[in-house]
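Please read through the structure below; I'll follow up with questions.
Order of writing sets the chain letters: A, B, C and D. Residues in each chain are counted from 1.
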Amino acid sequence: MSADSRKPTGWSREQMAARAARDIPEGSYVNLGIGIPELVARFVPEGREFIYHTENGLLGMGPPPAAGEEEPELINAGKKPVTIVPGASFFHHADSFAMIRGGHIDVCVLGAMQVSAEGDLANWSTGRPGAIPAVGGAMDLVAGVETIFVITQHTTKTGEPKLVERCSFPLTGKGVVSRIFTDLAVVDVTPAGFRLSELAPGVTEAEVREKSGAPLQPIR
Amino acid sequence: MIDKTIDSAAQAVSCIGDGAVVMIGGFGEVGSPVELIHALIDQGTRDLTAINNNTGNGEVGLAALIGNGQVAKMICSYPRSSHSKVFPELYRAGEIELELVPQGTLAERIRAGGAGIPAFFTPTAVGTPLAEGKEVRELEGRTYVMEPWLKADFALVKCDSADRMGNLTYHQTARNFAPLMCMAAATTIVQACRVVEAGAIDPEHVVTPGIFVDRIVEVAEPVQESRLIAEGRSYP
Amino acid sequence: MSADSRKPTGWSREQMAARAARDIPEGSYVNLGIGIPELVARFVPEGREFIYHTENGLLGMGPPPAAGEEEPELINAGKKPVTIVPGASFFHHADSFAMIRGGHIDVCVLGAMQVSAEGDLANWSTGRPGAIPAVGGAMDLVAGVETIFVITQHTTKTGEPKLVERCSFPLTGKGVVSRIFTDLAVVDVTPAGFRLSELAPGVTEAEVREKSGAPLQPIR
Amino acid sequence: MIDKTIDSAAQAVSCIGDGAVVMIGGFGEVGSPVELIHALIDQGTRDLTAINNNTGNGEVGLAALIGNGQVAKMICSYPRSSHSKVFPELYRAGEIELELVPQGTLAERIRAGGAGIPAFFTPTAVGTPLAEGKEVRELEGRTYVMEPWLKADFALVKCDSADRMGNLTYHQTARNFAPLMCMAAATTIVQACRVVEAGAIDPEHVVTPGIFVDRIVEVAEPVQESRLIAEGRSYP
């Protein structure tokens, strides 16, 4: 299939989320960032059980409630209504971030504005004058969780690469990202920089390279 | 006999004076002590430093307190909201100060204030603009930043049940920052959905022990911010 | 009454405890050390309510249970059976010492081996070779509680003064004690050193001075 | 399906090897996981560093573990007891190392280990022999000592109810150090008086969330140390 084919190529948001979910081990404690990462919860692979943590004080978060079944005081970090599963627990913010900072959460899936070849993540501020900076729990998550996955479109809406040599936006954390799931590919962050791990259907290595702002090691 | 209950929200907040540092419970609207905040608006107290995870929604509750020009400085982790233009406008106009703190560091600084720990080291924010100007130290091979405790003159929180001694329980994710803020404030003011007899809360289930609580007012049917906003309401 | 009278003079252990209880304000949160301080709980003055804290995780400690009514998992810091009052709460050790270190306990009543004229307290170790040092929560209490009362016999069993210029035993805390209740007197620690505040019945100022290892300012 | 339950105490502690750092819950005998400790004695694991508030009573439980020569170092706040000669004798003979830590500092160091805080400042022990050799700093006009976190390879604790996910509740003052130790150990091993269905513990009443727990063994009728001692028992 050539790059100028009219057939749809790459992964949808849901497919990116499903692909990321496949890499989460059985029994993991998982925190999901706001946006596409939230979709990961819909794609727990058959036979696995994950426990979802939401930093506003809940372990054992379940899927969104049916319309009309929302509980006004039961929300996730994105301030959307959620449910609880059997075996859930509520706790305060210091205990919640003890779970994060103390290394107890196994996997965190976050969105990104930029990821550098060294695994630096920028996802909280453009740093532009007049922008309202808002960090939330992102810096705590990248500092405390062993495995940080990123789900993001490969480029910005205006076609700028999000995988870059060096982040131009203010950092969320240095050297924290291990794997990136984009609409085009799965990319690992290695000591030698980005490495292509998997291509989305219909996507060529050349296209991924062209749309990346840093070199990519080939698929092994 | 110890009895921390007070008749009205107005009386409960009457001790808060201009220039006070006030922690306000809640994560977005969940857990927000809206009636206590509105009483503070009625009272017109000014030059406040407000500590909350966010900056309020719409033109009610915390957003209304800010919009009314009563807050000189916000300490928070996430001052953006899909339903509030109040803080962004004042901030861009340079009319309100902002101290941005990562959410976990904010929680831990408040807990430290309550626990008598003046400073601690954390890996959060190392290598980012939010660590600039802070003491950094290598411990056991990793770099950490030193963060100071955060205390307040007052805490305003919402709880589910309270007894006359100040023992509190919360409901679902409305717990969030409240137990920490109760610890870290010189005077903690609580609005409770229910005031119950001492002993009615199982001692195993108390979340905030009464030692951290000073004043309790019963607000049996607290408003929901999102409902007020949907109705297009503003305060006052 | 002269000093050589055969009438009993001074305060008993119970009277020392009752005298200390009189100086605890209504509504106080109170931690009681092991030994004579434990007796204070029996002497809450009419019309006052105190909340007793025990550092092993209980607020709202009640009196000892009747014989046969002991709960094996309900004990105080001295590891003796206790009861709870309505409005009690259980919590873990970090929360318990947050109450202490964070300045939330109003009054703590401790025993002493030595108290210095500057309010230094020694009550955990003789520092002698072969002694098993054991500090428990004493150092946390003196560092975190605003008002530290001491209840102690005025002298050791061998007649050595416990109120001294400088403690010879290892310190529990520096400049922490505000008032001392002994079998002979109530003594305040002031910026000018010890000051006599009250004499026990039948006790003379001369006797107290003679049994003290540091000067005492006279009663005002 | 996540299921952290294990059939026997022997299996539960089988992962503990020589030289491990082991936190052991309990304040005196209250909360002491005696059956897990006895399984560790059966197993004969040596050169342990044990962290507990005390050093055990009589010749059962922790005192028996120490008496059996399995503990090279104790970290505790109060190694004296009216019912134990085991630790004092070994200590005077120079056969066991002691790190004495004030009780609140011990609790906070363990919590810090669990919460990812490598060091913090505390006023406790300033000006005493227990602050000697430690970094001291003046902050806001008061002197504080810096204390490091405390972590362990394993925690052994006793709880009241547990579910398969590892959510725990405790009974009365048996809670003490256990929730902190569960946080601070790489592997947390729990003996529960009752294993219940997931969801049987109200999410508002969970004290230790399951994320901090790895292995659970049901011990429906745990022994009481004081009863064993009254009967003149020793272990093994």
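Throughout what follows, contacts are C-beta pairs under 8 Å (C-beta built on N, C-alpha and C of every residue); 3 or more make two chains touch, one makes a residue touch a chain.
Here the structure is a predicted model, which is why all the values come from computation and not from measurement.
The minimum number of touch steps separating chain B from chain D is 1. Looking at A-B and A-D side by side, the one with more C-beta contacts is A-B. Inter-chain spacing, taken between the CA centroids of chain C and chain D, is 29 Å. Centroids built from CA atoms put chain D at 37 Å from chain A.
Rounded to a whole number, the gap between the C-alpha centres of chain A and chain C is 57 angstrom.
The residues of chain A that reach two or more other chains are 58, 90-91, 94, 97, 100-101, 143-144, listed in rising order. For chain D, residues touching at least two other chains, in rising order: 108, 111, 115-117, 122-123, 170-172, 204. In summary, the structure contains touching chain pairs A-B, A-D, B-C, B-D, C-D. By the touch rule above, chain D contacts chain C in their complex via residues 27-31, 77-80, 87-88, 91-92, 98, 100-108, 110-111, 122-130, 170-180, 207, 224, 226. Note for the complex: chain C touches chain B at residues 27, 29, 49, 51, 53, 58-60, 84, 86-91, 94-95, 97-105, 143-144.
The touching residues of chain A, counted against chain B in their complex, run 54-58, 71-75, 79, 90-94, 96-97, 100-101, 127, 130, 132-140, 143-144, 170-174.
Only residues 108, 112, 115-123, 139-140, 142, 144, 148, 169-172, 204-205 of chain D touch chain B when the two sit together in their complex. By the touch criterion given at the top, residues 1-2, 111, 113-117, 163-165, 167, 183, 197-199, 201, 203-204, 206, 209-212 of chain D touch chain A in their complex.
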